[in-house]
Amino acid sequence: MVRTGQPAWEGNLLTRVVTVGDVAVGGPDPVVIAGPCAVESRAQTLELAHAVKAAGATMLRGGAFKPRTSPYDFQGLGRAGLEILAEARAATGLPVVTEVLDPRDVAMVAELADVFQIGARNMQNYPLLREVGRAGKPVLLKRHWAATLLEWLCAAEYVAVEGNLDVILCERGIRTFTHTDYNRNTLDLNVVPAVREMSFLPVVVDPSHATGVASLVPPVCFASVAAGAHGLLVEVLGERTRPEDALSDGHQSIRPSVLADVIARLRTFTPGAVAGTLA
Amino acid sequence: MVRTGQPAWEGNLLTRVVTVGDVAVGGPDPVVIAGPCAVESRAQTLELAHAVKAAGATMLRGGAFKPRTSPYDFQGLGRAGLEILAEARAATGLPVVTEVLDPRDVAMVAELADVFQIGARNMQNYPLLREVGRAGKPVLLKRHWAATLLEWLCAAEYVAVEGNLDVILCERGIRTFTHTDYNRNTLDLNVVPAVREMSFLPVVVDPSHATGVASLVPPVCFASVAAGAHGLLVEVLGERTRPEDALSDGHQSIRPSVLADVIARLRTFTPGAVAGTLA
Amino acid sequence: MVRTGQPAWEGNLLTRVVTVGDVAVGGPDPVVIAGPCAVESRAQTLELAHAVKAAGATMLRGGAFKPRTSPYDFQGLGRAGLEILAEARAATGLPVVTEVLDPRDVAMVAELADVFQIGARNMQNYPLLREVGRAGKPVLLKRHWAATLLEWLCAAEYVAVEGNLDVILCERGIRTFTHTDYNRNTLDLNVVPAVREMSFLPVVVDPSHATGVASLVPPVCFASVAAGAHGLLVEVLGERTRPEDALSDGHQSIRPSVLADVIARLRTFTPGAVAGTLA
Amino acid sequence: MVRTGQPAWEGNLLTRVVTVGDVAVGGPDPVVIAGPCAVESRAQTLELAHAVKAAGATMLRGGAFKPRTSPYDFQGLGRAGLEILAEARAATGLPVVTEVLDPRDVAMVAELADVFQIGARNMQNYPLLREVGRAGKPVLLKRHWAATLLEWLCAAEYVAVEGNLDVILCERGIRTFTHTDYNRNTLDLNVVPAVREMSFLPVVVDPSHATGVASLVPPVCFASVAAGAHGLLVEVLGERTRPEDALSDGHQSIRPSVLADVIARLRTFTPGAVAGTLA
C-alpha cells in the first residue's frame, strides 16, 4: 500500500487500517456499516441484520443505549439490546458497532460488541473517551455538529493517550443556518480530504445524520466515497416499515433495497477513479 | 432523456438543458468551466484558455469586473478584460462565462460574453438580476454563502420573470464556523440533490470557492459530480505561477495539469454509476 | 467630548458624529429611528410618522424601494413612496432614512430623503456603494447577515473612497443555526463594542431584523444601548393594524405605544451607567 | 413578586427562584458569580475569592475538574481543587459553583460545593445530568454552543425528571462564522428574553465565554442584565497576573477592579428601567 506516484491532494499520510474481525477500515475498499438506528426488538434487528448483509454491508450498526433530546423519548433497550445485537452477529457474521453513553457501561458493551460508537453529543465527554480508550476495542468517534477539526482530532487523542490507536473518525454533518430547510444538517464533505491530509486515522461518513432526509442519502453516499471516505455508516429501515413507526430517525433511514442499489453502484466506481480509493 | 425506471432519489424533475454554443448544461455529461479567477493580462488569459481546453474543459471562465472586499484591491480590467476574453474565445472556441456587477454594464458584457455570471455577493441584487433577465443570454447564478434554498431559487425567479429561463445555478460553499479552519467555506453538497428534487434548473458546483484550498478541489470535484451536479466551475492558475503572485484567489486555484487529471478521472465514472449521470 | 478617565473597554477611538438635520448620530444620546417597514400608503405613513414622533423618535424610517426575496411580493411604491416620505418629513420635522437599491435611483432618492439606507443584501453591491458615496448625503450601511467585521468596514470604505465619511453602521442580526427557532436572526451584540474598538464610525442596531419577533424587540433595544450602540432602527406598526395585514415584516414590528415605553425607559438609564453613554 | 401591569414582552412566566445559601437566583437583583476559570493553587484561589467578594460578587466560581480540548492541557486539580474551593467559601462566605464532568464524581462534588456546573460540552451528557439531578443541589446548566433552545430546555428536563427543579440556565455564546474574528463565540442575547417567555427557570449569562475577549466582557454584562438576565458568571484574573500566565482562559478574564466597576454601574440601573428587573 505504498502510495507512490499519487497526486498530492490524495492525502499526505498513510492511513492506519483498523481491523474489526475480517473487515479492514482504512484500506482501499470502502466499508459499509448499516443497520437500524435503534434496536427496537429481536425480530426487527435480526431481520435488518440479514437484510443489510444481503445488500452487501460488512458491519452491523444498532443502538442499545440511545441519547435522546428528550428524557421522555425511547431511551433504548440497554443490556437486552446488546444481547440482541450479539445474537444478530452470531446469525450473520457481521461485527457489531454500538453506542456507549456512560463510562460505567463500557465493560458491559465491550463484552458484547465489536466497536464502541461515541456519539456526536459525547465527542468531548472526556471520562467516557478515556474509558473506551482503556477497553481494548476499536472506537468509532463521531464528530460533534459544531466541532472544529482540531477539537475532533483532540477527542481522538483522549482515546489514544490510553493506549488505543484504533479510532475510526465519523463525519455526520454540521449544524448551519440550513437546519430545518432542505436538510437537518450540512454534510461537511470538505472535512473528509482535510482529515486525510492531517491525520492517519480512517474517516467514514454517516449520510443519514449528515442529511436527515432519506432521499438525500444515496447521492451523499456516492459523494463521500468519491471524496475519499473510507466507508459509510447508514441507518436502515425495514422494507415495509413506515418511517413514522420507527422509534427514532425513521425519516432519514433508507430501505435495504436502496442500500443494495447504492452498494452495487459504489462497486462500479473504477478503482483509482476517485480520490482515496488507491490501487 | 426520459427518466424511466430511475430511483426516486435521483430527482423528481426533468432538468432544463441550457445550451451555450455547442455545450449543453444539464444533460448527462458534466460540464467543466475553467479559467483564471481574474483576467490579469492578454498573455495570461490566452495561455490559460489554451491550457484548460487542452485539459478537457468546454467553457472558459475569467473575471473582467471583480467584486473585491476592499476598494484598494485589484478591481479587474473592465472592458479591456472583456475584449481579452473575446479574443480567447476566438482562439479556442470555448464560450465565455464572466461576471457582471453593475446593471449599467449588462449591455457591454452581453456584447462580448456568452454567459453572465452573477456573483454570490449580488445574488439578491434585484435590479441586476432583472437586467440580465432582459439581455437574452444565459445566466450562471451563484448562491450567496448564507442564502437558503428558497432565497436562491427566488433570485433565479427574478431573472425568469423577465422572460429568461436559461439560468444555471452554482453552489460555491456556505459560510460556517469552519471559516478559517481547514477551508474558507463549507461545500454544501446536500443542496445539489435538493436542487434536483425541487427545481428544473441545472446546478453546477464551484469547488474553488467551496473550499478555498487548492488541495481540496479535486476530491470536491469528484464528489460533486457523484452527487449529481451538472458541472463544475474551476479556478485555474498558470502551471508555474506562484499562488501568491495571482491577483486574486491564487491559493484556491489548481494547475492545468491537475485539472487534466481530474477531468480524465471523471470520465472513468461508469455512466449510471453515480447519481444524476443518467444514460 | 474628550474621553478622559474612561475605562479601556469603552472603545479606543473617538466616534465621528454624523449630523442629520438637528440629529447627531454618534454623540452621547442614543438616536431612535422608527417607522414602518414599507411605505404602503400616504395615510399609513403620515399616521406612523406622527406616532413615532410622539413616542420620542427623532428620525423616520420607511421603505419606498423594497428588496423582497420573491419577485411576486410587494416591491414598494417607488418614487410615489419617496414623495410620501418627504411629506411626512414636512409634517413632523423628522429627517427621513430610506433604502436605495439601484445605482440609477440614487439621484432621485438624494433629492427626496436625508439618509440613504443600504440594505443587508446590498452591503457588497459596490457600484451602489460608490454611487451613494458620491451623492453627498449620509449613508446608513446595514451589515449583511453573514459578513465579517472586516467585510462590513471595507464596504463602508467603498463609500468613503468617494469622499463621503458620513457612514452610520447598522447591525441587524446574523444568520445562524437558530434561524427559524425562537428568532429569525441572531443579534450579534458583541460586534457593537468591537466596532467601537476598531472604527470611528457610529453604530446603531436594528432590533426588528435582529430578532424577527416583536416581543424580543424591547429587551434587545435596552441591551443594544447598554452595550454602547449609538442608536436604534425600529420597525413600527399601526396601533391597531394586525401584523398579518402589513405588507412586510408585520410580525417583527412593535406598536407606537411600546416604542414610547421603550424610549421612556431608555431615558432612565443613568448617564454613564452603561457602556458608551459618556458624560 | 406578582407581575401585574408588566409589558407582555417581559416574559409570560413567573421565574422560579433558586436559592443558594443567602443568594436568590431568579429574583429582582441580578446575581454575579465570579472567580478564576481554574483553581490553580490555594493562594490564587483565596486571593481571587476575597477580591471578587470585595468587588461585589455574591457567589464564587472556579474549576477543579477542567474539560480541555487537548488531553495534554492542564486538567484541573481534582479533589484538591474542591478542597481549596471549600476553604475559600469558609473564608469569604461565598457559595461555590464548580463543574463536574464524570457521573462517578458527583457525590464528591456534592460534598464540597454548593452548585454543580454542567459545562457546554456536557449539556447532553445524559447520565451526568441524571446523576446531578439525584444529588439534591442546584445545577447551573450551560447551553452548548450549538444547541437549540429546545435541546437546552430538554437537557434541564433530564435533571428535573430526577426530582430536582433547581436548575439555572446559562447562555455562554454560540459558535458562528465569526469564530476567530473579533470574538470566540457569538453571545446569543436573543435567547435570554426567549427563555423568559418559554421557561420558568432563571437564566444567567457567561460573558467570558460568550465573547472570549476581556475588553468585550463589560459591555456584554450591561447588555445581558438590560435584556433580562438574572445574573452573570464571570471569569476573573489576578489584578497583576499576565493573561498568558493563567492556565486557562486568561485572555477572556477581567480584573477584580474592572469587575468592581461593572457591578457598581449595574447598581445604577434604575429599578424597572430594564427588562426583567421588576420592582
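The chains carry the letters A, B, C and D, assigned in the order they are written, with residues numbered from 1 in each.
The criterion applied here is as follows: contacts are C-beta pairs under 8 Å (C-beta built on N, C-alpha and C of every residue); 3 or more make two chains touch, one makes a residue touch a chain.
Because the structure is predicted, anything quoted here is derived from the model rather than measured.
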Given chain A and chain D, the chains that contact each of them: B, C
From chain A, the most remote chain by mean C-alpha position: C
Inter-centroid spacing, chain D versus chain B (mean Cα positions, whole Å): 48
Whole-Å gap between the CA centroids of chain C and chain D: 33
Multi-partner residues of chain A (each touching 2 or more other chains): 146, 150, 175-177
Residues of chain D that touch chain C when the two form their complex: 7-9, 146, 148-150, 174, 176-178, 181-183, 186-194, 197-198, 210-211, 214-220, 222-228, 258, 261, 265, 268-270, 272-276
In the complex, chain D residues that touch chain A: 67-72, 101-104, 121-122, 124-127, 144-146, 150-151, 154, 157-158, 161, 175
Interface residues, chain A side, partner chain C - complex: 175-177, 179-180
